[in-house]
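Below are two complexes that have chain A in common, paired first with chain B and then with chain C.
After this line comes the complex of A and B, so read on.
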């Protein structure tokens, strides 16, 4: 039981990271229909910037959090304004290719500016151990779980109750109708990229705290993509839960069956789920009226 | 007149052919071109690649300052393989097409393995040093030489030291978490040999894909199995990631690592874990008397930023380059690939300016500097010290 509970806890921790990044995929997709393959790189860029704020410019933690959020939003909006908006009206495949280009550019830019070395990212709450019954968690792991819960709640509330959130949903459902109702779809796209960068950026900071600020951390973007598919690309909350499921399944299969399953069990699950629900666990089935 | 012209043309052709046959690729009257393949763009190992280049650069600059190899300037061409064996082969092919005479490095273990057939077929003098890969020299291949103990020997030395000095009466139980590639196989070889030689109890070996960061399940399995000696078979940040998980569960663990465990970024990341852990090496550590000459040369020939980036990988690359240059010089003006391989295998002792013991190869042994020492690293203070003399395992 001890092993089982700790494996689940470990899976929830890594799953929260996948979930946060999965959510950021879904936020952009839901609003604009674009699959951003540079999500992991945006996450990395925000994490590196936050690292500079705290380790080079010595920002205190209370200032680091809002500064990182603002910077992440600016990064997201800049990417959208510079690379995505000029592609408006182009085939979706071309836009996806642009995001792949952005990914490679951001990877190179990051190593150009910060170099290849990996570094620790210390925050005031890191380094402690919390024992909950037989379960052991590092304080930073607990922080990831809390962050995931908070971001999920805020994302749900944002799309459910806020005017901007509702406008974004309207844009995703019927852009022409939304335009007729006075919704500025370009602004909505910009907001989506900003929010998505904030969510993945916070995940990136936590990845740096948990492991290291390293030039290969963009891999988390690739690993989180299945979470978004599993949960439903048009459902940010679903994508978040998709991350948790993949994390837990990965740890349990590695712990009880075979270690090699850790990386692939989530993908096997996706194949099975998509055969039954092609739009993901929480995604909405698209109905076409004829 | 026509006949005379034909004869002159024929003579010119014959002389051209003769010169072509004699001249060795990559060697002119003024230059000798060496090649170097390192993973410059691989996110995890790129910094190590640069450290290798710094070592090569210092050796070449030092040698060129003294007039080069018998008056020929040393030129080094660097190629990137991004830690992908297929790229290592392409990079080698490119260097061959560009006229490289000999190789100072041919990538990490898997890259060396991939390039062996070409190196052997073309009899390119090669010094394997970045990542010791025993099959490169065992069985002996006429033009391929290697310095440095294998990962198996390095880790075995650490395990031996731990069992003899650190168990405090506890029954040792060993485990390994290793990468699922050629590097990882060498790591597991140390694990298997330790079990056999010391009759150890053990947990089943675990593998992970390159790039994995979270080791929750792996460490939990080690904990459940009661492991108290762990071979943390990661290359870089995987080592502290495993240690962090083990520290969370307050495991009473002795940790053995490959030489990257000594690199400053790893030591810094290990700091919160509080573990004292082990690494192995076959070169004098930076800051020691043995590395004094190298450091003085590095200060002279590298930028301040580059100097700060030096590591043990710079030392091994420097030593390997020196040996190659010395063998080339011993060939005199008639520098050929066959000659350099012959000189290297002659049994002559090559000094490495204090980095290692004098190095010599023979016709049936193309590996040297296999004696290793065990380094103990206190992650709390970052201090490391050699706890054994150089020993052969």
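After this line comes the complex of A and C, so read on.
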């Protein structure tokens, strides 16, 4: 039983990371209909920048958090402005291919600038151990869980109550109607990229605190696809909780069945889910006119 | 005054080419390819072999993604499956290479049903994700199923003699790959001018409309998956002879993106485009590497240390720029040039 609880706990930790990245997939998909294959790379770039702020420029932690958020927003907006905006009006297929191009470009650029070395990322709260009943958690693992809860709550509130959030939902439902109501859909796309860069960038910082700042961090982007599919690509909160489920399933299958399953159980799960429900677990079937 | 190239009969419409000039240059190209080894060093020959194998793979991917419109990010998984099938059958089961190579294609095609059947109901992005997931599952299996696949230790292939020709010799390997590429090219070109090929294009353009016109989506989508994976698996089998030592690291996500770059740059849905794209994407890093070597010593040292990153950067930028500036790729550029010259005073 103790093993089970500990596996669930570490599954929730890694699942929070998947969930945050899944959320950022969903934020862009929901607003613009584009699946951003470069999300893992955006996350990696933000994490590397934050690492330089902490370890080269020696920013204190209270300054690091807001400056990372601002930088992440700028990175997200810059990518949208440079690569996605000029593709407006092209078929979705072409735009998704462009995000694949962005992915490999950003990945190469990051390793070109920062090199191949693994580096630790130290934050003031890392290193301690928290004991909750039979479950042992490192303080940084606990921090990931708290971050996930906070970001989920904020994302939910943002889309539910804020003017911009409502405008983004309106754009995703009916772009023409939103335009007629005075919503600037291009600005919404820019916002969506900025917010998703912030959410995934925070996840990226936590990944580098948990493991290391490493040139293969972008793999987390691919591993988070199952989270986004499970929760529905058009629902950020659903994608977040999808991440938790995928994380727990990954840890349990690795702990009880076979170690090789840790990385792929989520992928197998979504293949099965998509066989049964081709539009995701919570996605709605689209009606198409020919 | 010439007003254009008007096709007036159906046989002429589906002919491989109705233009004697095209045939002349094709024969000239083939002759040049045949005499190439006599004039080139080992480096050029190695590069040519890489291009030929990449072109086979790109044609396979193009059949599925370009012609049938099913985006697959998982063809590197089938490449790995084909490569390991050939390698393991020769090394562990002592199969003759003559049989092990076609088995690469057959096993990849059989595996494609595993991914093709769940993908029947999927479209676009969801298909891209499941195929990507599938290629991960294949590489993970290759890495962890050590008793069958040697896991992380890789496979060394000793027996490389096919029909009395030793493929370890670069010249023999070159001719062999050239032959396979010619066969695959002819095969795919001929598929594309039959009912099957036209059905593929109809599915790409609008699958519901295609179904309404009496095209069985299940059959044709699965055929596309199987045919594409057979060709990609064959390319994987050739890679086993090219490297003679294979491990999972070869078949990374980057390889799948490179393959996608080839068909995008060349022009989606065109066999010639896939070949041109393969030539372009393989030669691009080499040419840029040489250009970097010409720069002052200080800069070129720094840049050549990041050769792999620069390659990735170039491939990414090429994908982005092609899609933005000329979505039909190099074949589109060629078509525009041709139209410009042939209709000159009236061309735009």
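Definition applied: the second predicted complex is superposed on the first by the 276 of 290 C-alpha atoms of A that agree within 3 Å, B and C clash if a C-alpha of one lies under 4 Å from a C-alpha of the other, contacts with A are read in each partner's own complex, and residues count from 1 in each chain.
Rule of thumb we're sticking to: a contact is a pair of C-beta atoms (placed from the backbone, for glycine too) under 8 Å apart; a residue touches a chain by one contact, two chains touch by 3 or more.
Computed from a prediction, not measured in an experiment: that's the story for all the values here.
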| item | value |
| --- | --- |
| Combined model on chain A where chain B meets chain C, clash or fit | clash |
| Chain B versus chain C as contact partner of A:14, first or second or both or neither | first |
| Contacts of A:216 with chain B and chain C, given as first, second, both or neither | first |
| Partner chain(s) touched by A:270 [first = chain B, second = chain C, both, neither] | second |
| Touched partner set for A:66, first chain B, second chain C, both or neither | neither |
| Chain B versus chain C as contact partner of A:83, first or second or both or neither | second |
| Which of chain B and chain C A:134 touches, first, second, both or neither | neither |
| First (chain B), second (chain C), both or neither touched by A:119 | first |
| Set of chain A residues, in rising order, touched by both chain B and chain C | 107, 111, 259-260, 263 |
| Residues of chain C defined as touching chain A within the complex | 71, 73, 118, 121-126, 128-130, 132-134, 136-137, 140-141, 143-145, 206, 208-209, 212, 253-254, 257, 260-261, 264, 306, 308-313, 315-320, 323-324, 327 |
| Parts of chain B lying in touch with chain A, wherever the complex brings them together | 43-44, 46-47, 50, 180, 206-209, 211-214, 216-218, 220-221, 224, 236-237, 240-241, 244, 248-250, 265, 268-269, 271-272 |
| Contact set on chain A toward chain B in their complex | 3, 6-7, 10-11, 13-14, 107, 111, 115-120, 122, 126-127, 129, 136-138, 207, 210-212, 214-217, 219-220, 250-251, 254-255, 259-260, 262-263 |
| Touch list for chain A against partner chain C, complex | 35, 83, 86-87, 90, 92-94, 96-98, 100-109, 111-112, 222, 225-226, 229, 233, 258-260, 263-264, 267-268, 270-272, 274-275, 278-280, 288, 290 |
